[in-house]
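For clarity, chains are labelled A, B, C, D, E and F in written order, and residue numbers in each chain start from 1.
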Amino acid sequence: MQKKFDLLSLGEILLRLSPPRNERMSRGSEFDKKVGGAELNVVSGVAQLGLRTGMISKVPAHDMGQFAKNRIRFVGVSDDLLLYDEGKDARLGIYYYENGAYPRKPKICYDRQNTSMLQIQADEWPDEMYSLTKCFHTTGITLALSQNCRRAAIDMIKRFKEQGTLISFDVNFRSNLWTGDEARDCIVEILPYVDVFFCSEDTARLTFNKTGDITNILKSFADEYDIGVIAATQRIVHTPKIHTFGSLMYEKSSGNFYREEPYRNIDVVDRIGSGDAYISGALYGLLKYDMDCEKALEFGDACGAIKNTIPGDMQASTSEEVEAIIASHKNVGRDFEMVR
Amino acid sequence: MQKKFDLLSLGEILLRLSPPRNERMSRGSEFDKKVGGAELNVVSGVAQLGLRTGMISKVPAHDMGQFAKNRIRFVGVSDDLLLYDEGKDARLGIYYYENGAYPRKPKICYDRQNTSMLQIQADEWPDEMYSLTKCFHTTGITLALSQNCRRAAIDMIKRFKEQGTLISFDVNFRSNLWTGDEARDCIVEILPYVDVFFCSEDTARLTFNKTGDITNILKSFADEYDIGVIAATQRIVHTPKIHTFGSLMYEKSSGNFYREEPYRNIDVVDRIGSGDAYISGALYGLLKYDMDCEKALEFGDACGAIKNTIPGDMQASTSEEVEAIIASHKNVGRDFEMVR
Amino acid sequence: MQKKFDLLSLGEILLRLSPPRNERMSRGSEFDKKVGGAELNVVSGVAQLGLRTGMISKVPAHDMGQFAKNRIRFVGVSDDLLLYDEGKDARLGIYYYENGAYPRKPKICYDRQNTSMLQIQADEWPDEMYSLTKCFHTTGITLALSQNCRRAAIDMIKRFKEQGTLISFDVNFRSNLWTGDEARDCIVEILPYVDVFFCSEDTARLTFNKTGDITNILKSFADEYDIGVIAATQRIVHTPKIHTFGSLMYEKSSGNFYREEPYRNIDVVDRIGSGDAYISGALYGLLKYDMDCEKALEFGDACGAIKNTIPGDMQASTSEEVEAIIASHKNVGRDFEMVR
Amino acid sequence: MQKKFDLLSLGEILLRLSPPRNERMSRGSEFDKKVGGAELNVVSGVAQLGLRTGMISKVPAHDMGQFAKNRIRFVGVSDDLLLYDEGKDARLGIYYYENGAYPRKPKICYDRQNTSMLQIQADEWPDEMYSLTKCFHTTGITLALSQNCRRAAIDMIKRFKEQGTLISFDVNFRSNLWTGDEARDCIVEILPYVDVFFCSEDTARLTFNKTGDITNILKSFADEYDIGVIAATQRIVHTPKIHTFGSLMYEKSSGNFYREEPYRNIDVVDRIGSGDAYISGALYGLLKYDMDCEKALEFGDACGAIKNTIPGDMQASTSEEVEAIIASHKNVGRDFEMVR
Amino acid sequence: MQKKFDLLSLGEILLRLSPPRNERMSRGSEFDKKVGGAELNVVSGVAQLGLRTGMISKVPAHDMGQFAKNRIRFVGVSDDLLLYDEGKDARLGIYYYENGAYPRKPKICYDRQNTSMLQIQADEWPDEMYSLTKCFHTTGITLALSQNCRRAAIDMIKRFKEQGTLISFDVNFRSNLWTGDEARDCIVEILPYVDVFFCSEDTARLTFNKTGDITNILKSFADEYDIGVIAATQRIVHTPKIHTFGSLMYEKSSGNFYREEPYRNIDVVDRIGSGDAYISGALYGLLKYDMDCEKALEFGDACGAIKNTIPGDMQASTSEEVEAIIASHKNVGRDFEMVR
Amino acid sequence: MQKKFDLLSLGEILLRLSPPRNERMSRGSEFDKKVGGAELNVVSGVAQLGLRTGMISKVPAHDMGQFAKNRIRFVGVSDDLLLYDEGKDARLGIYYYENGAYPRKPKICYDRQNTSMLQIQADEWPDEMYSLTKCFHTTGITLALSQNCRRAAIDMIKRFKEQGTLISFDVNFRSNLWTGDEARDCIVEILPYVDVFFCSEDTARLTFNKTGDITNILKSFADEYDIGVIAATQRIVHTPKIHTFGSLMYEKSSGNFYREEPYRNIDVVDRIGSGDAYISGALYGLLKYDMDCEKALEFGDACGAIKNTIPGDMQASTSEEVEAIIASHKNVGRDFEMVR
């Protein structure tokens, strides 16, 4: 039976305000006005690639919530499961972001306390939701936002799982939202439900106390929690404007590790969301190609790399474009310079 | 003895985010980034006119607080009495504003809960502050923001008054911050300390239950609370882009009422802050010209009128420019078209 | 039974390129980049008001078609029925628009030949489409674009009608697309299928050779073709920046005419699409309130008036906002100045 | 014999720097960058209308002079007679301009001392120049700039006149460049060479001590100095954004006065250069239509009125557009709203 | 005898629309509005360097054609030979361009069918044209646009040649306009008329089936068709933002090959038109310095390299600036950092 | 006793006009509008780092001078010692700046003759000024501007020195303002008063005829003129967008040389003012840390490096930010990527 959605995700939607070009937060007279959020970035990326996705979230009913809704729709994501907070103090969380340039680093300033999202409860969404999608994705950020968010997220994971939905989870540890200990204690409870797991090597070591090389780490998660696919991105930050990006993926059923030559010396225009774009590519590969990890890795690496070249939080490439970039990446002979 | 400042004011500083031109909050990809706030608007107006002013307020220590500080300095106001909140959740309040065009009205969306300002206590500022200024100004907005703000404001009013400082107060009633009853109960407590009082006719009637015509109302406040100067602005909103603006002022000592032909059919570019600009002109007139109410009225009306033609919350005219506009306003013969 | 859509519309989507502010097409170095089109303007207006709408159209598969799709989604319209032209010469039609200022008139320069839309055939869309909506709307522009468009439009009108769909039609006569005789001959063929008909007084006289006053004209259409609701907007162009806007509506079943005081001296920011916005308001009133012509007229007039204050082709107000403006318009006492 | 040019003009070219929209010179972070100058405005207007014009001037050889040259060419004027100052201190004069909005007036701040233009000498241009054009135009501004400019201008007037060139002169009195006495003493010397004379009523009265009504004034100039055509514009400044504009013209040969209904309530976008645009229309009418004063008046009034609606110093309408606006202006019946 | 022009060129002028900075075509709300075209890029480059050039082309008479004319003049090119299409469907071709950033490539989307240019006939231009210029240049793009363009181009080549004009031709093969076989068959017919020939190594091999190294290829063209000067640019695309650029040139009369150290690691701001800028430098060198190939190569390499650093299609450097860059390029000792 | 200021500086304030992004001075329609000046850049940098600074200068009283004042305040510098020129020809100097991109170099075009600053006299400032500050800084530019500036600067150096003020001097040789011989003869006169001396290696060799390696040069200045601290920056310009930046500092009292690993491959956004930023860091280090040369070098190198990444002339980092960058620079292990 055909599901209505390929992917649904639960997460907060933030207003992102950035001074244009290389201007600083503390100066200038304009902000670029965008929206973002780890989970939204993932579903928008998958939508751009051609699958049907939707966002489970809550925004204020007022104009700034409408702006969030409009933007979500613009990037191809369904707003059917968006709730609106009619409360007098309803608010959309904000983050301010300024670009870096070596030796000055990029900078984020958060203003995301007391937002409409923080009060959500799972039962605000209809029961039918749980049978609508092939895959459900959320992240550690949602778990960390508030007790309500945590309860709702865990509840949803369990209920989606019951319906046979593939569960995807990204640790995305943020030390300004919770401690490593809190994160680990919470996440290990949900790992038994997780089918696709994304965790950086650093977090695996520092938060989950994993040791050994990265292959051991991925394998140990899979074995310990019976997780089907585990991936870790590998980024080298040469300067704020030059990164190298790749990943490692482990498939439990086959015991295979997948990796490829990373994308080297990427021209970074906007680094935010490139990890989320990786996940969007990986989930697209898995969902579109029947859990094919090689496809997942290739799409993940390419989407992660490309996102760095795009302003804003979100991937903005169709599957045709990503496939062309994958082909160039693998190409060893003559390559064309421009898409005409 | 010469005071360091002519005017100090206590109030919150807000980040103001507006879509450029006639774009809407719920659309577009840019915000104009400014700061404002009823009390800041008053002191910046007085500073532009040439007196020495300072702002008593608290902003986050992070970059957005630095932006507020930089802008305050840009408009000629001293930041000596600005405090910085180093807290992890320190935040600068925000308001979103979009322009109107008949029949669509201008629109404001507030996001000013839980800001750094709301936790202030009077004793965070040094005792010396109370002897630094000739005049102290605050508004009902500050009283309404939080219990802490209210206590601090009342405390400061009393302590400044003890030092012989002229006390100026603007009711500036905002129904989204408190009820009329709360406002009245609180304000009548401080009216005995007030020397210069600004109250709109509507608020006088609805909140203070005053009756009779506007001259009776002003006189009754003066008599009841022994207030030296009382003024009420009179605005006719023909359309969001065309207003008429004038005022009435009452001087208790002489029993005189002051009024003049209003500024008719003002080209409104940005209406926000024009009431505050009126107060800046009135206080400038009083402080510069030894409590001369005629000067106060002329400067008040002109500043209020001009502010409508300036983008952003704040008056931006020198005393020379305002005087030239007053002269044109009074002029009955031939007038020049352009300042060369 | 609940239909998936309240309104579907068939029409061409155009890229609109305008020099910002008062700059001219023949100068300057920037274009504002928007999309529009008579039918899209109607469905986006109805979507903003809260009903479920979709666009039946064809755009190029390349990036500019993707842009059109993204914008359609941004304004709340479904892209489920959008087709993509993969052809090498696929193109999106364009119109260039510059604002006027008295005595200089606004100016449009069309570049809409040979577009992907012009080759459509009705059978490119699935049969199920005809049972998905409560109402179908199209305009004379679609009939005039090409023989293919005309055949497809007439075919769709008939097939939707067979399914009991309400048929809405706007003459929207454009002399640069066809002659008055061509228009009349074509349109009288489809009028028997039409339930809601929009026609300007000028077109009624010049193209349909109607005579008498406007009430006679509306009634005669209704009688001759058995049309349930007929409306004509009434616009006075004082200057390119000041219009007066109202309408007259006739309900055949009751024999009633509906009219109200027009919106006078509207601050025109962008006049394009205000007629379409009128239709969006009227259709919203009819569809939401069970064919209530009074509601239709009020929403139509308000939406038409408000659209003039919004940049771009499309209405951008929620039903709450429109209702507040209707209330202000009817209000005879004190009115508030700003939405806070 | 066909001349190469219809019109040549001698004058200074200035860089014009304006804060965008309603921002002030003393604030903001951007300037619109344009060029202007009374004489350039005239020749560019005539060029837009379709005649062949050129500019006699001197600019720095460096990049800012190149910018001036590029812009001159952009507006259709020949740069063949532009000279370049290679000197180390070569400079392009500047004026800063900010828009007004009632009750705030527009404002100009000049920085035009010591520019490359001020050192010109007539013999820097080739002798052939004097036989290249049907008409030569200059203004009192050029006479006032420096002794060098004055000598060069007078010299050129005489040499062009010798070649049978029509001489056009605009008083354009600027009290910040010279006194009324200086102006009168200088100008009366050149009036005997002048064929077409532009002088405002104010200047005629205050500088030339003319009395009587405006018709007497124009006639007295014509009689006293044997001038063929004399015109005075008549502007009413209702507010900085609303003007009324018309003129009166006198033809000596016939003794006829020409006038028409003025353009009332013009939407003023940028007032600068509208007087120059009037002259461009008038000269176009005279040169194109064999000294037909009625044409000159109609084109003059229309160009002057339209220029007010265009950003920057210069007229930007073709003769077709101006003719359409003249037709609308004269039209008493139904008029179209938009140019499609 | 002095010719009026140093260089005339026949080619289409396109409107170029690009999202600013790194934005994508399918997103954003602005376009940078420029004009370009292979042949225009060449003549504008030569004009910037100081020679007299003109463009033979046809544009719509409407405002967008006026824009093209204005821009052509801005870049120093004569519009004397520009024709205007008054037809109702007259159109200016468009191309959309977005920047790349590794690993995302730059992207072009063409909309250039059915333009006014495609219907040209050689006899629309006056016979005198053929004696006005020292050199005539066109490209394979013009040959490929339409049968009319091809006939007109070939006709002009022959007629200019008859007048002793130097004929310059650039293959500029575009596979989206014609096939390699079509291109070869057409071009070999005109090569006997060509004096200066530009062909990339790839095209020489793939389209003209040339073999051997690049020196053999250039020599074989010269020998086979008796061509005086042949050049091929050599570009290495390290990333979309870093290129290396140089060339090889062959002079038949001397049998000499010319080459120099390429410009390595150019900071690419906008790559479009750099090949055309090379040709502009090469033709400038040949025309200015009496067919001196060494000068041609140095100016060609420098102009090609510099163009990459300039936004838009066209070179924007004077000969002084290019000479300074050539001197720096050849310099082996200490170099200055900035032009003051 | 606590001084009011840590640092005062005498110098000219210039308006800086730059085309945005990579546009050229000779094209485009916008300028970014900023202020700068070697001495202002130093005091603003020190103010951003947290010390109290003020600017001794003269600007026009008109709006452009007000703009300069507003910007000075915005960057945290006191305007208490700013004088205003009320003269009719008062002017603010200007420089035009465009960015480079390899192989095109950045370019400056000066328009700074006849400015209000050039007429200053030391006695325009009050005598009290000389006891207000711990340190006074000026540069060779001020000495070179005019005879008045030179006399005023030398006078101030002597009078500040008499009050025990630390004297800082930067040679900043500009060959377009004076010759090397003039510079040397003037500067050696004031070196006996100087405590902290900044001189580039090039200038030391070419202007002061120093020989030997850079350590010898610094030491010889210190010995010859009894200067406490001497520093020379060392910049390698790889391309206009990539520089390497470091310095060498000599402390006479200890005989120690200070240096560290330079900042390599800096992402240059705007190179202007980076030398001044170095001085601001060095003076901050000396003034804040009791003449600690190691701190001075670290802050100097970091501020100089960071400035290159910031648009405009002025450093824009707090001491916290600079300290974090110093820590990253010294760090040899794992480093964080972003400031959250």
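Keep in mind that, in the parts below, a residue touches a chain if its C-beta (ideal position, glycine included) is under 8 Å from a C-beta of that chain, and two chains touch if they have at least 3 such contacts.
Remember, it's a predicted structure, so these values are computed and weren't measured experimentally.
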Pair joined by more contacting C-beta pairs (C-F or A-B): A-B
Interface copy of C-E among A-E, D-F or A-F, judged by whether over half of the contact pairs recur: D-F
Where chain B and chain D are represented by their mean Cα positions, the distance between them in whole Å: 45
Euclidean distance of C-alpha centroids - chain A vs chain D, Å: 62
Separation of chain B from chain F, taking each centre as the mean of its C-alpha atoms, in whole Å: 39
Chain C: positions in contact with at least two other chains: 21, 24, 26-29, 66, 70, 74, 107, 176
Chain B to chain D touching residues, read off their complex: 21, 74, 263, 265-267, 269-270, 302, 305-306, 308-311, 316-317, 321, 324-325, 328-329, 336-340
Complex interface listing, chain C residues touching chain D: 21-24, 26-27, 100-108, 110, 174, 176, 237, 239-241, 271
Of all residues in chain A, those that touch chain D in their complex: 28-29
Contacting residues of chain A [partner chain B, same complex]: 17, 19, 24-34, 62-64, 66-67, 70, 88-89, 91-92, 94, 96, 98, 107, 109, 111, 113-114, 176
Residues of chain D defined as touching chain E within the complex: 66, 70-71, 73-76, 318
